[in-house]
Amino acid sequence: MAGNSLKKYNRIYVALLILFIVSVLGPEIADIFGMEGLSRMALILPTAFGIAIVKAYMVAAHFMHLKTEKIYAPYILLVSLALMVVFFFGVKIDIMASEGHNWEKPYKEPTESSASHHGDHSESHDDDH
Amino acid sequence: MAEVATADVSHDDHHHEHEQTFWSKYVFSTDHKIIGFQYLFTGIAMAIIGGYFAYVFRMQLAFPGSSVPFFGIVSPSAYNSLVTNHGTIMIFWVAMPVLIAAMGNFLIPLMIGCDDMVFPRVNRLSYQIFLLSAIVLIASFFVPGGGFGGAWTAYPPLSALAKYNATPFGAPMWLIAVALEIVAFLLGGINFITTAMNARAKGMRMYDIPIVVWMIVIASMLFMASVGPLVAGAVMLLFDQTLGTTFFDASAGGDPVLWQHLFWFFGHPEVYVVLLPAMGIVAEVMCTFARKKLFGYKLILYATVGLGILSFFVWAHHQFISGVDPRAAYLFTTTTLLISIPVAIMLFAYIATLYGGSIQFTTAMLFALSFLAEFLIGGVTGIWLGSSGTDIYLHDTYFVLAHFHYTFFPIAIIGTFTAIYYWYPKMFGRMMNETWGKIHFWGTIIAFNGIFLPLFFLGAAGQHRRIYNYQNFPDLAGDNMQDLRVFATISLVIMLLFQIPFVINFIVSLKRGKKAGKNPWKANTLEWVAPSPPPHGNFPDGMPEVYRGPYEFAHPDREDDYWPQNEPGNQKPANK
Amino acid sequence: MLEKLLPAASTYAKDIDGLFDLITYLVGFWFILAMGVFFYLVFRYRRKPSEKAQYITGETHKQKLAIEVPHYLILLCDIAILVLTFIVWHHVKIEKPPAEDEVRIVGQQWAWTFYHSGADGLLGTDDDIAKVNELHVKKDTVYHYKLESRDVMHSFSVPVFRLKQDTIPGRIIEGWFEPNKTGEWDIQCAEMCGVAHGIMAARIFIETEEEHAAWIAANSPNSADTSMIAKNETVLETQAQEDRSNG
Amino acid sequence: MAHQIIATSRSATGIPTGRLAVWWVVASEIFIFGGLIAAYLLNRFLHGSWAQEAAVTNTFIGGINTFWLLTSSWFVVIAHHYSEQRDAKKTRQFLWLTILLGGFFMGFKFVEYYKEISHGMTLFTNNFWSFYYTATGLHGFHVLCGMVIMAIIAEGDIKNERNWHRVENIGIYWHFVDIVWIFLFPLLYIAK
């Protein structure tokens, strides 16, 4: 029994490492193939954030023992996350927009970033966001 | 097992009593009751400061420009600072410490039948941080530039930059004080929740927990869940204030409205954070003095949970006209009006509890009943404000001010008095004087209505808040309106004077009051099983076991009209 | 009801007053009912030596009805209020009737600057009239306003219009009003904006067409009296620029 | 203090009191980090130009730091495994290994900060960098707190073979800090 759990931890760790490497490689591959715009998003979103969620789930479920914990604990954490989602979507209409119904923000994006040597992607990304 | 452990505790206690100095017994104690008293008395001291502020600015409004006795001439910046800190103190340093921390600390372990909070030292730390926060806040009044004067909501950019608010030290200190207070209550809240979840007496099931414990625990959860974003926001605002970042600076791409969202996401649940413990206290007192079982225990509990969940979906109703997208108002008006449903269920259940009772008008009961009546006024006036259409006109007027004082005054002041008059015998082992209590009650309640009823009319006539002299506004300078302001101020002074009998009663009863005995009100809950005042460890005769719900008054199977929770019986009625 | 306390001088003021009245009647009914029941119960069930309290759990279906029925009725009242609220809100804040004139309103610590469109009815032209703490509008004309702030949040509040809208630095907020009564009233700042928030008072002058035309004629930049206004405006502009460069 | 509090030893939910409290601590931390990350995301989606800023962050150091934290999570769960077997020596060993990796994390963090600040990317450069330093700084503060508490547990409790449950409690906290980093890493480093 005891040895099993140790083996399980090792397996989870290896899986985490593999996922980690994939998540770092995603944007690199996008850079190498010169992907822009939508296809770049299609690659980066799942590799970066999809994998982050999977990793977080694995750590939470196995290392934090949420799988075997009494039902209270996962509920506490899930409710917390759900409320943050409520907050995000309640605020989105104001903060995540530069104009809305009967209002606008005159603020202009700086055309050049503070680090000028990386300024080439700018135009395409403005549209994506 | 429990018996053995208890014997140990009482033995230990006797052993220690000789050695305990004043410091270790009353200042650095880990005993939940002592910490509760510390919170209570700190809260009362802060209430005196907050009340003094209210007196000063009400005098300024009634007699603009003249020197206020015990203060002097009120300058515009002093007025702003007084108003801001009156609000902050009354919410963060009076309502919260007294209702949640003091009552939670004192009541939760006694009511669920255990000897202390689960983390006594964390509990002590929580009070110490709270005390530090109070000291920082009070110190902020005396720094160059004076105390912060940008309203308790602290909207940036006014709060973010000294060139706008003219309080280079007051504003950051105010923010640090609030942040420390939040940390103190997070620590305390985790302690309350864990204690109530885990440390219940043997036999106490979910629905055997007294409603006030439920309410304090749910309030702590609401607080914890709502305050997190504000902590993040406070860090951001503090960086803006002190280091010069631009999180909330529109000219650098930040957004000042973000702070409003972060603040009100906390600010609205905060109302329920302080409301719920007061509702719980009132429920206890009403059941005891009406000799009635609480009407629909589960209904009230579910309504409370529903209220808690809904309270996270209404925050932007404070921002209808503050520049958020007008389309959001449809959603937030709907949720706001829906929240009237759980509140109405709770109030109706409370009123229904009176039906068929045998009501004793003790001072505590009078305060509890007045809570219902006054809070009802506060509750219904919220509909005008929650409806976005009328809020266009009423927002930030005295109508709002009167509305939330009709909710917060019953919560923070009446709720506190209810609790003190009811649990005083348990806290200090002696009874308070009922005659003086009733004088205090009538003086407070009548004067309170005298303060705030006129303000509804001033608000409906278009008078805005936070303005130090209405003589600058020709439409508001009329004699009729000034008469109402003077009337409100005189009522305030009368109300403050009527607190003197309470203070004297409180102090005199400590020494001269009638001995209370274990259970002077013939109530059911577990705290009345312990001696008055309870010793360190609470239950020297062995930890109690629970056999029934907390409100088995006037049970048909029993001669006495009460049935303590810990008394063994051959059946477990109701609340399955 | 509100009109007894303060005159209504805009077209949508009566809608808001109507909504206020509806809420007053619905809420008043429930309030009086609840208070009546409450005081009756308190009086009826006061302690009498002969009577023992009744044992009522409030858990049976019949007893729960005592709470459920009123709560459905309250829900109905809520829906009635909601429907009217949506109509009023849509009318005041969402939908804008076509503009007949424009005004640009700029808040700063601690004054309002009103840029009237002048004789041509258009903003941003040479004949704009900038006035500090004075807003002159023509009766029965639909105005569109643009709200801006130079420093902190302010709130443009005209109680007689039943209108209020915060100004936010970094945002331009638009809205409308149509005055329908001549007179002179207060404009207040309704959002804490710093030390002198309490004296950030302005006046609104609602004039008939002739009076308004006369006022425009007297104040147009072409007329003799302009030097002071122009100077006034430059002062404000430089101050704003300083603020921007500081921030 | 002198006597054991009965309340602490009770467990009506079935979760030991200490662990239950840690779950609530984690919940309250979710709200704090959640608020900050939500604020960041709202700005990030609004400001297209932030993608260029994110491209400047050092993905290599960020990646190495992710590796340290993942590995330290693994070590602390092994420490928990040995604490359940009451093996004080191995438990301490793995706790200290965890602290060591936390130290590596902080060390690399400082190198990274140093490089960025020397390239002119400070807290005040623009709001992206303000968020970057606030979020990573707050996270680093949590790592530091975790390291200190872990050292106290290793030297105070485990050395004297008591309070074994504290290894699991600090472990839960540490995993949470790890999870926060798992999300901060793509948010600040690799999404560009």
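In order of appearance the chains are A, B, C and D, and numbering begins at 1 in each one.
Following the convention adopted for this analysis, a residue touches a chain if its C-beta (ideal position, glycine included) is under 8 Å from a C-beta of that chain, and two chains touch if they have at least 3 such contacts.
Just so you know, these numbers come straight off a predicted model, no measurement behind them.
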What is the shortest path, in steps, from chain C to chain D when you may only step between chains that touch?
2
Please compute the C-alpha centroid of chain B, do the same for chain C, then give the distance between them in whole Å.
31
Could you put a whole-Å number on the gap between the CA centroids of chain A and chain B?
39
Computed distance of Cα centres, chain D from chain B, in Å:
34
Roughly how many whole angstrom separate the Cα centroids of chain A and chain D?
17
Scan chain D for residues touching two or more other chains and write them down.
13, 15, 20, 24, 27, 30-31, 34-35, 38-39, 42-43, 47, 126
Can you list the residues of chain A that touch 2 or more other chains?
72, 79-80, 83-84, 87, 91, 95, 97, 101-103, 105, 107, 109
Shared-interface residues of chain C (touching two or more other chains) are 93-94, 170-171, 173
Applying that definition of touch, give me each pair of chains that meets it.
A-B, A-C, A-D, B-C, B-D
Sort out for me which residues of chain A touch chain D in the complex.
2, 5-6, 9-10, 12-13, 16-17, 20, 23-24, 26-27, 44-45, 48-49, 51-52, 55-56, 59-60, 62-64, 69-70, 72-73, 76-77, 79-81, 83-84, 87-88, 91-92, 95-98, 109-111, 113-115, 118-119, 121-122, 125-129
Interfacial residue positions of chain B with respect to chain C in the complex
76-77, 79-80, 84, 149-151, 153, 155, 157-158, 161, 163-166, 249-252, 255-257, 290-299, 321-323, 326-327, 329-330, 333-334, 337-338, 340-341, 344-345, 347-349, 351-361, 369, 372-373, 376-377, 380-381, 383-384, 387-390, 392-393, 395-397, 457, 460-462, 464-469, 472-476, 553-556, 561, 574-575
Residue ranges of chain B touching chain A (in the complex, touch as defined)
197, 225, 229, 250-251, 253, 255, 257-258, 261, 265, 312-313, 315-316, 323-328
Inside the complex, what are the residues of chain D that reach chain A?
13-15, 20, 23-24, 26-27, 30-31, 34-35, 37-39, 41-49, 51-53, 55-56, 59, 63, 66-67, 70-71, 73-74, 76-78, 81, 84-85, 119-121, 125-126, 129, 171-172, 175-176, 178-179, 182-183, 185-186, 190-192
Interfacial residue positions of chain D with respect to chain B in the complex:
1-8, 10-13, 15, 17, 20-21, 24-25, 27-36, 38-39, 42-43, 47, 123-124, 126-127, 130-131, 134, 138
